[in-house]
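Listed below are the structures to be examined.
Below, chain A partners chain B and then partners chain C, in two separate complexes.
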Partner chain A sequence: MKIKKPEDLRKIKTRGMILLSPDTARITVGTATCGNARGAEKTVNAIKRELKRQGVKADVVKVGCNGMCYAEPIVEVIRSGKPRITYGYAGVDRAADIVKSLSTGKPVEDIALLRHDEHKTADGIESVKYSKGRPGRTYSGIKDYNKCDFFKKQKKLVSRNAGTINPESMDEYIALGGYSALAKALTSMKPEQIINEVKTSRLRGRGGAGFPAGLKWEACRRADGEKKYIVCNGSEGDPEIGMHRSFLESDPHAVIEGIILAGYCIEAQEGYIYLNDRYVLASERVKTAIRQAEKIGLLGKNIMSSGFSFSLKVKRGGGAYVCGEETALLNSLEGSIGEPRTRPPFPVEKGLFGMPTVVNNLETLANIPLIVEHGGKWFAETGTPSGRGTKIVALSGNVSQTCWVEVPLGTKVDDIIKTFGRGTANGKRIKAFQTGGPSGGILPARLLKTKLDYDSLARAGTLLGSGGLLVMDEDTDIICMARFLTEFFADESCGKCTSCREGVKRLLDLIDTIAEGCGTEDHLNIIKRMDKAMRDTSFCALGKTAAAPIASVIKHFPGDVKKRMLKQ
Partner chain B sequence: MTDIKLLPNAQKMLERVERIIAKNQGGQETLVTILHEVQDRFGYIPRQALDLISQRKNLFLSTLYRLVTSYRAFRIEKPEKHIITFCNGTGCHVNSGESLLKESWATSIQNSLNITVEKVRCLGCCNMSPALMIDGEVYSGQDAQVKIAEILSE
Partner chain C sequence: MDEGTKTIIDKLIKKHKPGENAVVSIFQDVQEQQGYLSEDAIRYVSEKLEIPVSRAFSVATFYSAFSLTPLGRNRVHVCLGTACHIKGADNIAGRISRQLKIKPGETTGDRKFSLHKVRCLGCCALAPVVKVNDDTYAGVSQDQVVSVLEKYR
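Moving on, here comes the complex of A and B:
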């Protein structure tokens, strides 16, 4: 069946709702990369075996990650009329207990993390009701979802469905309000109107540079070209974050809906999703989602009789960090070496195959359906003046709980580390932190009160980037850390421009000299001058920020540097 | 190509590559996809496959070679029986990923003819940090040590 009008979605919605809270039981297992690494697939099989052995009926469904990567494998049990129970650390050995809880009605208390009486999306529109009436004493020992800090302090707008729906089921996505924004846009909104809403929302790019999405679209819409393209940047090359990967593996349709909407606004006929070469599972799930959307006519010719035709393809990258830069990404899509291009002309004028192209980060695009659905004004209510909306942040390094969360922009870094990461793993003091991947500077603990938004982080000397947050405890050798990050740039420099190609190598030599204890004041001065020179003369952001780690260490950790200097 | 007679299995490999090329019609933009598919099938991109792709796509072999070697994802040498991939991401580095490498009998691994050692920038499972991947499965801590010992004793 092809979808022709918004009402047509309703039938699918009912079908999806039944899947989400069926009359029989539903057992879900988080099978994103983080879950699979901890053996989620084995848990799935063990649960299936146990169901057969104990003679219990239930749907076993693979879902994505709800952000609590530290507690993987995560299993959830939904029984008709009873609260939804989330279990953590559910390895193969716990499968029997979990299945048994279906027949006894008693939850497995020692691994139960949460109970959900109702699942509500953060925009408050859609909900699935699980328990009828009060949950009763059986569940009183399990924390209520709404009272759990981990979720209470988040604002799950973009990632609202992650961990709840089956990423390979379009019906479940539609049940929770999916594709209603697209239906609304194609049947009752003009492209200019949507672009205006996006401008009102003041949505800025979530990939690194933070360029206003509405302006980019407008420029591309105005540009001349017989064909136009929309490219979704899922390169995510930063070496510490996997939240976009996890997000794609959990809710691919959300990104696809955003891409179709963007395509509609700039009048593109074709779109590409460019994925990191290692994102095999994500790419499979996105491909499945594209096929499903094509089947019901949300991709293809004359979508919902609006006269707008659009097709979408997935491309796997070749694994180069620089391909996260938009022009290098376009080169890579064209089958050339991932080297950045000269700008201007900007991609919005001359991009993929020489045609006007919008390149947006996948998180930026996943925000679009929300803006279309609720309006730009509603969206702009969240966040701070320098950054509206939310940001998905991945916490890693020396934290007790590795996780990814979605918080309003403007949340303090300190709060994120304390609330979601539960501080450092062994109770040690935090020495430093880093946002925005290797290109961000290494900041000292006294700047922990910095707000997580574009301008506050820029003032502190780092960047929001794509949302990695790395924590380093007091045992970290900060010079060694700077060397590690500089080595990363030396590895990843594409070699196109001299200042980056040669600069990173010389920086590495200088850091080695300091690390070996032979550094002098002169070495530090050269580094400072090189930082400036590389910022001024490098071709792309990789070279411009390559000296940021060591320069920030010299600035913020003079004590550590001094200890390593040559004693004169 | 030359007149050298190909071994039967090389012939088979080339037929497979030919099919992959036929499936991805078009110009240079199809190259990365073709290379991925060849590597997914054979574990690496054999020299003869590069020859064939360059002929079919009308490219200098040197151009193709430059492309292949510029991307981290592609191997042009046949990997050994086991592939150990160490996560060299920042998160794993902070959690002493390198010491995991050293503790895991780094030299015996390097000297083993059975093992190809690779480093990647992030395995995407920071919850297992420091992590490494052995033949497609992720391991951490004690499990990693046990598994490596197992491979080394083969």
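Moving on, here comes the complex of A and C:
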């Protein structure tokens, strides 16, 4: 059946709701990359075996990641009329207990993390009710989802479905409100109207530069070209953040819906999703989702009889960090090496195959359905003046709980570390943190009160980037850290411009000299001058920011640097 | 290049629309199926797609996903992403290098192992992480990594 009007989604919605809370039972296992690495697939098989052995009936469903990567594998049990229970650390050896809980009705207390009486999307519109009546004493020992800081303090707008729905089931996506924004847009909104909403929302790009999405679209819509393209940037080459991968593996339709909406606004006929070469599972799930959307006519010719036709393809890159830079990405999509292009002309004028192209980060795009559904004003209520809406943040390094979360922009960095990361793993003092991936500066603990938004981080000397937050405790050798990041740039410099290609090598030599205890004041001055020179003359932001880690260390950690200097 | 390989490549070329952006995708498939890009394969693809050999080689050498030499039967990926670095991944990488007597990017003489460094395997919660073929080893110590490798000999 092809979807022609918004009401047509209703039937699919009912089907999806039954899947999400069936009359029998539903056991879900988190099988994003983080779960699989902890053996989630084995847990799936063990649960299936146990169901057979114990003669119990239940649907076993693979879902994505709910963000609690530290507690993988995560298993959830949903029984008709009973609260949904989340189990953590559910290895193969716990499968028998979990399955048994279905027949005894008693949850496995020692690994139960949460109970969930009702699942509500953060916009409050859709919900799945699990418990009928009060949950009773059987569940009193298990923490209520709504009282658990890990979720209470988040605002899961973009990632509302992650970990709840089956990423390979479009029905479940639609059950929780999916594609209703697209249906609304195509049947009752003009592209200009949507662009206006996006402008009102003040949504800024989540890929690094923070450019207002509405303005970018408007420029591309106005540009001349016989064809136009929308490209979703899922390159994510930063060496520590897998949250966009995790998100795609958990809810691919959310990104696809955003891309189709963007395509409608700029009148593109074709779109590409460009993924990191290692994102095999994500790419499979996205491809499945595209086929499903094609099948019900949300991709293809004359979508919902609106006259708008659009097709979408997935391409994996070849493994180069620089291909995250939008013009390098376009070169890579065209089958060349991923070297950046001169700008102007900007991609919105001359992009893919010389045609006007919008390149947006995948998280930027995943925000669009929400804006279309609830309006730009609603969206702008969350966040701070410098950044509206939420941001997905990947917290890693020396924290007790490595995880990814979605918080309103403007949340303080140390709140994120305390609430979600539970401080450092060993109780040690935090010495430094870094946001925005390798290009972000390494900042000292006294700046932990900085708000996580575009301008506050820029003032502190770093950037929001695509949302990594790395924590270093007092044992961290900060010079070694700067060396590590500089080496990353040295590996990844594409070699096109001299200041970056040669600059990163010289920087590495200089840091080595300092690390070996042979550094002098002169070396530090050269680094400072190189930082400026590379900022001024590099071709793209890779070279421009390559000296940021070491320059920030010299600025913020003079004591550490001095200790390593040549004793004269 | 033998006829079998040619047929495989022909099939892969057909799968992707010729022209446009096909080179990277075709190389990806060849790499996956053959384990590496041989000089013959690169030349053959450039001929078929009617692009200069120099461009085909520049693509083959630019991206880290492509290898111009055959890889080992077991592929050892040691994560040197930031989260793993903080948890001492450099020492793990060093230990593997000493054990196998190869540097990252190289293959052992007996083609049993090749060693690759990667930047984040997507499971930072498990740092430091080493992946051998499809098996992930979480929170490995230097000693553990040696016994892990022995399993694949």
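Note that the second predicted complex is superposed on the first by the 568 of 568 C-alpha atoms of A that agree within 3 Å, B and C clash if a C-alpha of one lies under 4 Å from a C-alpha of the other, contacts with A are read in each partner's own complex, and residues count from 1 in each chain.
Operating definition for what follows: a contact is a pair of C-beta atoms (placed from the backbone, for glycine too) under 8 Å apart; a residue touches a chain by one contact, two chains touch by 3 or more.
Given the structure is predicted, the values throughout are model-derived calculations rather than measurements.
With chain A as the common reference, chain B cannot sit beside chain C without a clash.
Contact with both chain B and chain C is seen for A:476 once the two complexes are overlaid on the shared chain. Applying the stated contact rule after C-alpha superposition, one finds that A:289 touches neither chain B nor chain C. Judged by the touch definition given at the top, the superposed model places A:338 against both chain B and chain C. In the superposition on chain A, A:315 makes contact with both chain B and chain C. By the touch criterion defined above, A:246 reaches both chain B and chain C.
By the touch criterion defined above, A:78 reaches neither chain B nor chain C.
Touching of chain A by both chain B and chain C, each in its own complex, is seen for residues 33-34, 36-38, 69-70, 72, 237-242, 245-246, 277-278, 315-321, 332-338, 353, 394, 396-398, 402-403, 434, 438, 468, 470, 472, 476, 481, 484-485, 488, 494.
Across the complex, chain B is touched by residues 33-34, 36-38, 69-70, 72, 237-242, 245-246, 277-279, 315-321, 332-338, 353, 394, 396-398, 402-403, 434, 437-438, 468, 470-472, 476, 481, 484-485, 488, 494 of chain A.
If you check the complex, the residues on chain A that touch chain C are 33-34, 36-38, 69-70, 72, 237-242, 245-246, 277-278, 315-321, 332-338, 353, 394, 396-398, 401-403, 434, 438, 468, 470, 472, 476, 481, 484-485, 488, 494. Across the complex, chain B meets chain A through its residues 27-33, 35-36, 66-67, 70-74, 88-91, 93-95, 120-129, 131, 138. Interface residues of chain C facing chain A in the complex, by the touch rule stated above, are 20-25, 27-28, 51, 55, 58-59, 62-66, 80-83, 85-86, 90, 118-127, 129, 136, 138.
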